[in-house]
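Same chain, two partners: chain A is paired with chain B first, then with chain C.
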Partner chain A sequence: MTLKPFRMVLLLATSLIPLALAAIFVFLVRYSWPAIHFNGFGFLARHTWSLGNLYANPTVKHGQQVPIGADYGILVFIVGTLSTSTVALAIAIPVSLGVAVFLAEGLSARLRPLFSFIVELLAAVPSVVYGLWGYSVLTPIIAHDIGPAVRDSVGRVIPFFGGSIGSGYGLLAASLVLALMVVPIIAATVRDGLARVPAETKEAAYALGATHFEVVRRAMLPMVRSNIIGACILGLGRALGETMAVLMVSGGALNYLPNNIYSPVTTMASFIVSQLDSALQDPTGMAVRSLAEIALILFIIAVLTNVLARFLTGSRNVPTI
Partner chain B sequence: MQKFRLTQGMRGAVAAAAIATVATLGTAPIASARTIDILETGSTLLYPLFNLWVPVYHRMHPEIRINTQGTGSGTGIAEAISGVAQIGASDAYMSDMQVKQNPAILNIPLAISAQTINYNVPGLNNIHLKLNGPVLAGIYDGQIRDWNNPAIQRLNPGVRLPDHVITPIHRTDGSGDTFIFSQYLSFSTPAWNARVGYGTTISWPAVQGGLGAIGNPGMVQASSQTPYSIAYIGVSFTREVARAHLGTAEIENRAGMFLLPNLHTVEAAAQQLVAKTPRDERISLVFAPGKFSYPIINYEYAMVNAHQADGATAIALRNFLSWAVNTRGGNAARFLNQVRFIALPPRISALSRQQIAKIH
Partner chain C sequence: MSRPFKPSRIARRRLVSGVSWVLSGAAFLLVAVPLLDILYTVLKKGFSALSPTLFTEVTNGISGGLLNAITGTLVLVTGALVIAVPVGVLAGIHLSEFGRGAFGRAVRFLDDVLTGVPSIVLGYFSYVTLVIGVGWQFSVVAGSITLAMMVVPYIARFTEIAFSQVPNNLREAGYALGLREFTVITRIAMPLALPGILTGVLLAIAISLGETAPLIYTAGWSNFLWSGRLVHEPIGYLTYVIWSFINQPYRSAHALAFAAAFLVIVLVLLTNIAATWLLRRTRPARPAP
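The block that comes next holds the complex of A and B.
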């Protein structure tokens, strides 16, 4: 009973987080409500985004005041977001598992803290730094080296990797930058899990005659399965929401879907930031509200991936950093 | 003895505190009570000019401190309306509806700018290809896909055009350059006007492989990195365009002449529309009549609220803007030549001064 005031403070602090989440959701729904009403479900399926004629007087459509010719469809950005995140994870997961195993098992105990620190440091680098690097270093390399190499090898078998390479800006550049940002998150989380595998388990496996590799693969990795899935979801969350770095290297596609891995794309998050400036010029306000609706969809996608993660791990304790 | 170790959380807190300290020191007000702060934000095309103006003006008037930011024309207009910025820089004027909603915001031209059409076609960057509105509209709406398309060949007889796909590059951010480029396409090509129209952001027709770039620097970078691309770039970036070895196209005007932007062709175009410029100075200068008029030029605007929060700021704004539009002040050739802008014609600077006088 003496703890009661303390408990109250804790309760207050704890309830702030779900309250903030609910407040964001309520705000997004309320603010974008006219846009939701105007756009309908076609919002998700149309791939034309047009603010309409901002210099003519607006018309009234579906009971809403909108610029003439306004048409908001975000299929291109949904595809851009999901494709960059998927490719990024496909690259990042094997790399980060390798890094995690190396950090946990492949290093001497003396070097382990140093290398772990370096990997964690990568996660602390602001994303715009990765973006700048991608913009000035990575895109020319993709245009001249990586792109032709991939096209002439994998591209001969899988058409999605073939075709025109273009300028280097696009899906591949965005995915590589995202992968670089996601690797330290996944690697650090999985390494923490591997470090917590009981010594008895490892010793038992060794006692059965397993090699070092078999101990890692058969005994340790299965034990941290839920860590791995949780880490991947954390990484996916980062990739879905990344804004600046993607904006700088993705090539800003508008109104068309990517036809190969080098195509320019646009993600939802980077589209919101790049279009806010223009949307503010819409005197009816429908453009900004439609951007808010994109934010709402992004929010829902993020929540869904987290729910999926819980479902996949089959437990309620998805690890977090 | 146990060593004192910082836990993870403490380390973060220490770092945050250090950053906060540095940040506060960096921005600590060194102002005396009399200093007047003016924030200028908006157009990235005007940004270099303001950066030339401000140090010179500050030396003459140390009590007035002007901070400049290149954020985009849309932000400039929005922050002038909200009052965050005292001067919102914009390459585009406000629409009728925006003016109706915000009658206190003045659209004051400060100078005249132009735009070049640049391309990166290996072997042809040293000559000036000839292009016109319908061909550019065709390139940007995907109907003209290759450099050796008959429509381009017809404008450039005798030039060996490569059999290569064109990559059109457009601005991703809201931009006055997009505004005047799409105006040129709309005014010269009825089909473009009907299908796409003009604005600071437009719904670019789907051209597979078409690229988006951010800001004029991004346009230069993307274009120099992408062979067989085409881009529209503000004239204040001419130096960067030359450094990237891009080609500059001669553009067809209303009279059917193919011209490059220079002092004479831009001035000739501006002269055509001086008489038509209304008192609120909101008018497009694109596709002006006249034999020697370069077709893609515009007024560069300062968006200023006529009702300032206090009298001292209003006086400071009036003084600074009057200096800016004066040919013995900010409109002097020594400033404008550096960014390749053209001074306001006398009648226009008189109109601007009339608007400036309304600030109180």
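The block that comes next holds the complex of A and C.
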């Protein structure tokens, strides 16, 4: 076989994609290895993140140099990540299904591109702009309108929705912003699935006397069930890793677990950004390595959710913009 | 349907269907209204904060202009494209032309996975490897490489789709004339695939313009104009201003944040509209609406 330089160049460029993923994993593991040793499994279960005394001489613990009193536990951030993502998906999934049905079946063919474009624009808005809007528009509304309304209705039955509303920054604000960011992902995937349902299936349902909505509900949605589940997992992956928007509206909790839906929270992703300055002051570097351990956990979660979602949606997600 | 025919039952089913349609329309409004409010708020507050000095002065503490951030964003986006376009286009060509086997399938799959990696993870990876490891510190190169890692999967995917839509008989005609593989791909398929590739590149620009998290740990921030050094010099960018200045308790800082958001969102929207227009124009017969 003759050596084809052109094909070699193509192959080289293509290999960079798997190599990038492998490099992310390898270098994050390598860099955070001392932190993984030092923190142990308790990393996931302790809820105190303390850099320790950065001005005293560091001590040696478990063979690692660490500042005196340093304790890295990320339970607070795990809870923050899971709670914001769960609440966000609880809101986003029903809304996305409504949007998808509306876009796929509720509009005339002429209006469909325009309305689809509006939903696609939601996916185009940069995360930091969501944060800006959440910070300056949404949080005051939560503090004065949404919060009191939820507290005085649902909050009377379920204690988690009651209690002090605070400033508006917190779990609810982060979840609402995340929900807005996740809806276009789920809605677009489900809408594309609905559009691929064969006309014969719909006609068969109509022939049985179903109304238009019954056709959608009983014949079309069951056919795209795995797409829906895959899309939701894809949305979950996005919500778990979202950084800037959450950082700007979540209020930022340290060493403190949320006690109601208005509590300040911190997610793993937003915590990494918020620690930029303070972690750099640690002369032993253990804080920076512990942050790398958080990044590693986020990476593994992202890969798992994406692999799962791709298997469920079957066909690859052709981007719709 | 073994139940006896009852007009009241039909009326009830019609009512349920009608209410359901109203709910699905309401779901649409529930996301469309916030989107319009985001655009309205940013455009209104941003527009009133616009002034000529934004484009002539650099940021100075919590006031001044945005010249350093505007040029920084342009430099970083350009840097990302310089790296990502060749890699993404070549990978896309490979996947389309020679990617039928297991390797192609695996790369396609990993390409999708890479788009799902949170941007802050990419940023922190670059921080650990490039900023600390290689010792480039906060720099244009570190920021650009990180952005490139984010957008390569998109460019590769769009290129692949564009090339796979070129009819095979055109390639065969080329080979029948005795052309080499390289010539068939670059002279016959490439011109036809170009609009599709361009759509991917526009999308990559839109993503790079709006990213913040991967740059905080790689590009840093600078109040000064970029001096042209690729490494060892941090650089400013617009999205940093939005995030950082809105947290300052000063009116001038807030005005700068909204002005930066105005510029970012206008640029992102224009790029997206251009990409959508290009996509719809070149692919009139898209299967999905």
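In this section, the second predicted complex is superposed on the first by the 288 of 321 C-alpha atoms of A that agree within 3 Å, B and C clash if a C-alpha of one lies under 4 Å from a C-alpha of the other, contacts with A are read in each partner's own complex, and residues count from 1 in each chain.
In this text, a contact is a pair of C-beta atoms (placed from the backbone, for glycine too) under 8 Å apart; a residue touches a chain by one contact, two chains touch by 3 or more.
The structure presented is a predicted model; accordingly, all values stated were derived computationally and were not measured.
Because the two structures share chain A, they can be overlaid on it, and in that overlay chain B clashes with chain C. Within the superposed three-chain model, A:278 lies in touch with chain B and out of touch with chain C [touch as defined at top]. By the touch criterion defined above, A:71 reaches chain B but does not reach chain C.
Of the two partners chain B and chain C, more residues of chain A are touched by C. In the superposed model, A:121 makes contact with chain C only, not with chain B. Of the two partner chains placed around the shared chain by superposition, chain B and chain C are both touched by A:248. Contact with neither chain B nor chain C is seen for A:59 once the two complexes are overlaid on the shared chain.
The intersection of chain A residues touching chain B with those touching chain C, taken from the two complexes, comprises 135, 247-248, 276.
Interface of chain A with chain C (complex): residues 4, 6-7, 9-14, 16-18, 20-21, 23-24, 27-28, 31, 94-99, 101-104, 106, 109, 112-113, 115-122, 124-133, 135-137, 180, 183-184, 187, 191-192, 195-196, 208-209, 211-214, 217, 234, 237-238, 240-244, 247-248, 269, 272-273, 276, 288, 291-292, 295, 298-299, 302-303, 305-307, 309-310, 316-321. By the touch criterion stated above, chain C contacts chain A in their complex at residues 1, 13-14, 16-18, 20-21, 23-28, 30-32, 34-35, 37-38, 41-42, 45, 86-88, 90-91, 93-95, 97-99, 103, 106-114, 116-122, 124-125, 128-129, 132-133, 149, 152-154, 156-158, 161, 181-182, 185, 199, 203, 206, 209-213, 216-217, 239, 242-243, 246-247, 257-258, 261, 264-265, 268-269, 272, 275-276, 279-280, 287-289. For chain A in complex with chain B, the touching residues are 47-51, 53-58, 69, 71, 135, 139-140, 143, 164, 166-169, 247-248, 251-256, 259, 263-264, 266, 274-281, 283-284.
Residues of chain B touching chain A in their complex: 71-75, 77-78, 95-98, 101, 165, 167, 170, 172-174, 197-214, 221-222, 225-226, 229.
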